[in-house]
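Two complexes are shown next, each including chain A; its partner changes from chain B in the first to chain C in the second.
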Partner chain A sequence: MTLDPNDLDEREALAALCKRLGDDEFVLAERYTEWQVRSPSLESDLALSNIAQDELGHARLWYDLLIDLGYEEPEIVYERDADEWHHSTLVEQPFAEGDWTDPIVRSYLYDVAEKLRLATLEESTHPKIADRVGKIQGEENYHLEHAQNWLERLVADDEGKERVQNAVDRLFPYALTLFEPVDPDVEDDIVDLGLRDATLAEMGEEWLSVVIPYLESLDLDVPESGVEGMDGYAVTDEMLPEHVGRDGSHTEAWSDLFEEFTHTYHDLGRDQSTKIMGRPE
Partner chain B sequence: MDIETVKERAGPREFSPGDDLPEEYRKAATRMIEFHANSEIMGAYLERPFIRQAPSIDRKLAFSAKVQDEIGHGQLLYRAAETLGIKTREEMLDDLAEGRGKFLNCFHYPMDGWVETPMIAFFVDGAAMRRQATLRRTSWEPYAHAMDKVCFEEGFHVKHGEDILRTLMNGSRAEQRRTQEAFEEWWPRIIQFFGPTDDKSTHHDFAADVGLKQMTNDELRQAFLDMYVPKARKYGLEIPEYPRVSQNDEGRWVVEEDDLDWDEFFTVAKNNYEPGLGQINGRARAQEAVEWVRDVIEGDGAPAGGRSPQAAD
Partner chain C sequence: MIWEVFRQEKKGDYHTHCGNVHAPDREMAKQFAAIQHGRRKPTNSIWVVPKDEVGEIDTDDVPFGGTTDKAYRWTTAYNLQTEQAREVEESDSEQQEAEKQRGEA
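== the complex of A and B ==
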């Protein structure tokens, strides 16, 4: 499919998809970079820095598709209102100093979703999306492997396991917001146009069917254990936290984070953002 | 090997872990490399908030990569120091956290805003480049080897800092004014980067005699000024009136040593500079907060952090 510049529904669907993808990666990277120079060892510091930069690079790739639609970086990042960001509230959550289970559990919950999400974009009718998926997948596999290695090591210790359990209890409900719509009509268009070949509900079910058995295999309690019931796994409204992010509603921590990363741009009175790399291929 | 033999043989990359070296040499080399490694960590700690505050995605990526590089340099350097058999990496990191480890003067000063970032990333890193380039010829081979990688990456950092400075000095008048103010605040500290003049330096003679140090403080400061005074001017920065800096008959830049606050320098050097304690204590808290992770994984056999391309040199 070639994008029809005059089809407004099509443009809106593509923009909504790229924003939700890019916003997730960008905000996740912001939280990961907080661990730089604070991780448990120099080696884990280097590894998490790599992951943060991968995620930022992916945000760049998705935001670049918005550039095709006529957007510019300032309006995508620095001049957009805080309540027009569509990332899942999972990625904006703050964490207590030293709580190393946070990036690990967060990464596990996110990267399983990311893996499923990328698979639904492999055959996208928008060629640039399909093309970029391949670039991203290799890195994401490593992220998941990194998170699982750490989870398995942490739960092998009693204290570690208790801390992992707390992080799961805290982050799991927010992770479910990864499968919430930005706007239900636009989400239908995304699937109907073939930009993505699965619905959010299908992706949520699949995510639960991977995450719940895995966490249970580590002898962890999962807040939504047993949801498979008679009709299989499903994300329902009762399971969701108050703020889901996708619709622009965010938790308190978001406004502080947003204020911090837009501070310099506004403080210096900038109206453009410096590019030092060319646009991605 | 006795100390006289060490002095006789002292040359670039002359000694390696296979050599039986006197304790005096190993202690001097450890002190020097540990100081360098600590400085990498504390420099990274100082710059870390600007990953978030960077005013564009590309700058953010570059800043995150730079901070990561510095941690990688710290890792390499601690390893080069460990091979001397005087202190383990844990001991060095604990000393740093507990306020005993020493590090570069410039990383003791708090940094509040983006306009200050090129003061570190261009001037201080540029100064570090001068020193590090000479250390590729240091007599402790693992140190010289680490410098090969460090210098390669540090070249990118200086370009990154220079590019931020160029953008600021081509920005609005307010940006230019604020950058000039930051420069005036940092300039004396940057000149002091190389330490006191050789007459006042305590460790130089021995380190030079055994080939650890390749150039004196004065020579390094001279080389730095000759290169960076013109660069600062090129971007429109005015050299502050104090400390007095002037060109001598040979066209080389000379600084009036007495215009610099050496009391403050030595207070900083002893980790007693009050505003800088925020960084030392902040880093200590961060390390203490993740102590439980090190306890949990201790003895489980696998190296912490999984696969890391940066970890291999």
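== the complex of A and C ==
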């Protein structure tokens, strides 16, 4: 399939998909960079900065597809209203101050979801999506391995384990919002058009079936351990936090973060974003 | 714990010492080294070695070779005004190369 430039449903579906993907990556990277020069060691600092840089690069690949649809760069990032961002509320949460387990747990929860969702895009009917997945997957393996290596070591002593447990309790409900719809009709279109080959419900179930056993294997309590019924795992409404992000509803932390990264742009009276490189291939 | 890092640029090259990383164990050391020493330069393989496992012997322990002046072996006394035999020219350029490597050129 090639995108029909005149079909509004197709355009809307593609735009929604790219915003889901790009916004998650962009906002997560914004948060990760807060650890720069504050991580527990030089090495962990560089590793997390590197991951942040990867995620920014991935955001760029997804936002670039919006440019194909006629979007201008400033309206994608600096001039978009805060309530038109569709990232999951997991990625906008402020870090518990000085708690290294927070970015690690967050990264684990996020990177499992990212791995699963990239797999659902491998066969996308939109050729540019399918092309870009491979490049991203190469870098994502490192992210997940990094998070798991840390988790396994952090739970090895009592204090570390307690901190990891607290981070899991705090972040898990927000992670479930990764599988919420931007708009239910548009999400149906995304799947019907073959842009992505799994529904959000399927992806949520798969995520739970990976994350819960893994965290339990580290002897951690998982908030939704009990959800495995006859039909397996499922994300239900009761498990979700008040703000899910995908639909534009965000937590208070988002307005602060948004203000912070758009501040300079407005302060300098800019109407264009700085271009430091050409469009990705 | 400090791990010394050795980077190999291409398959078949020697692994060359390029720095170190702090890491609690081998797995983490490999992961950190990949980012710190393998991200910016062409890299085919990286070794990480616990610093304590590196055996060292230095000038306090042993008089190393390579310090005797063997300039008398060189053909510098010849006056190379005319065209020389190929062997002489090759020998001359080898000596220049050797001097360069010793930092004397």
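The working rule: the second predicted complex is superposed on the first by the 281 of 281 C-alpha atoms of A that agree within 3 Å, B and C clash if a C-alpha of one lies under 4 Å from a C-alpha of the other, contacts with A are read in each partner's own complex, and residues count from 1 in each chain.
Assume a residue touches a chain if its C-beta (ideal position, glycine included) is under 8 Å from a C-beta of that chain, and two chains touch if they have at least 3 such contacts.
The shown structure was predicted, so the numbers you read here are calculated from the model rather than taken from an experiment.
> Please tell me which partner, chain B or chain C, touches more residues of chain A.
In the superposed model, B touches more residues of chain A.
> Figure out whether A:Glu43 sits in contact with chain B (first) or chain C (second), or with both, or with neither.
both
> Please indicate which partner A:Ala52 is in contact with in the superposed arrangement: first for chain B, second for chain C, both, or neither.
first
> On the A-aligned overlay, A:Tyr142 touches which partner chain: chain B = first, chain C = second, or both, or neither?
A:Tyr142 contacts both chain B and chain C.
> First (chain B), second (chain C), both or neither: which does A:Asp197 touch?
neither
> After lining up the shared chain so the two structures overlap, which partner does A:Arg153 touch, if you call chain B first and chain C second: first, second, both or neither?
Both partners.
> Can you pull the chain A residues that chain B and chain C both touch?
41-44, 46-47, 50, 142, 145-146, 149, 153
> Applying the document's contact rule, which stretches of chain C touch chain A when the two form their complex?
Residue positions touching the partner: 21-25, 27-28, 31-32, 34-36, 39.
> Residue numbers of chain A touching chain B in their complex, please.
26, 29-30, 33-34, 36-50, 52-53, 56-57, 59-60, 63, 73, 77-78, 97-98, 100, 142, 145-146, 149-150, 153-154, 156-157, 159-160, 163, 260-261, 263-265, 267-270, 273-277
> Tell me, which parts of chain A touch chain C in their complex?
Its residues touching chain C are 41-44, 46-47, 50, 142, 145-146, 149, 153.
> Within their complex, state which residues of chain B touch chain A.
Within the complex, chain B touches chain A at residues 41, 44-45, 48, 51-62, 64-65, 67-68, 71-72, 74-75, 78, 113-115, 163, 167, 171-172, 174-175, 283, 285-286, 288-297, 300, 302-311.
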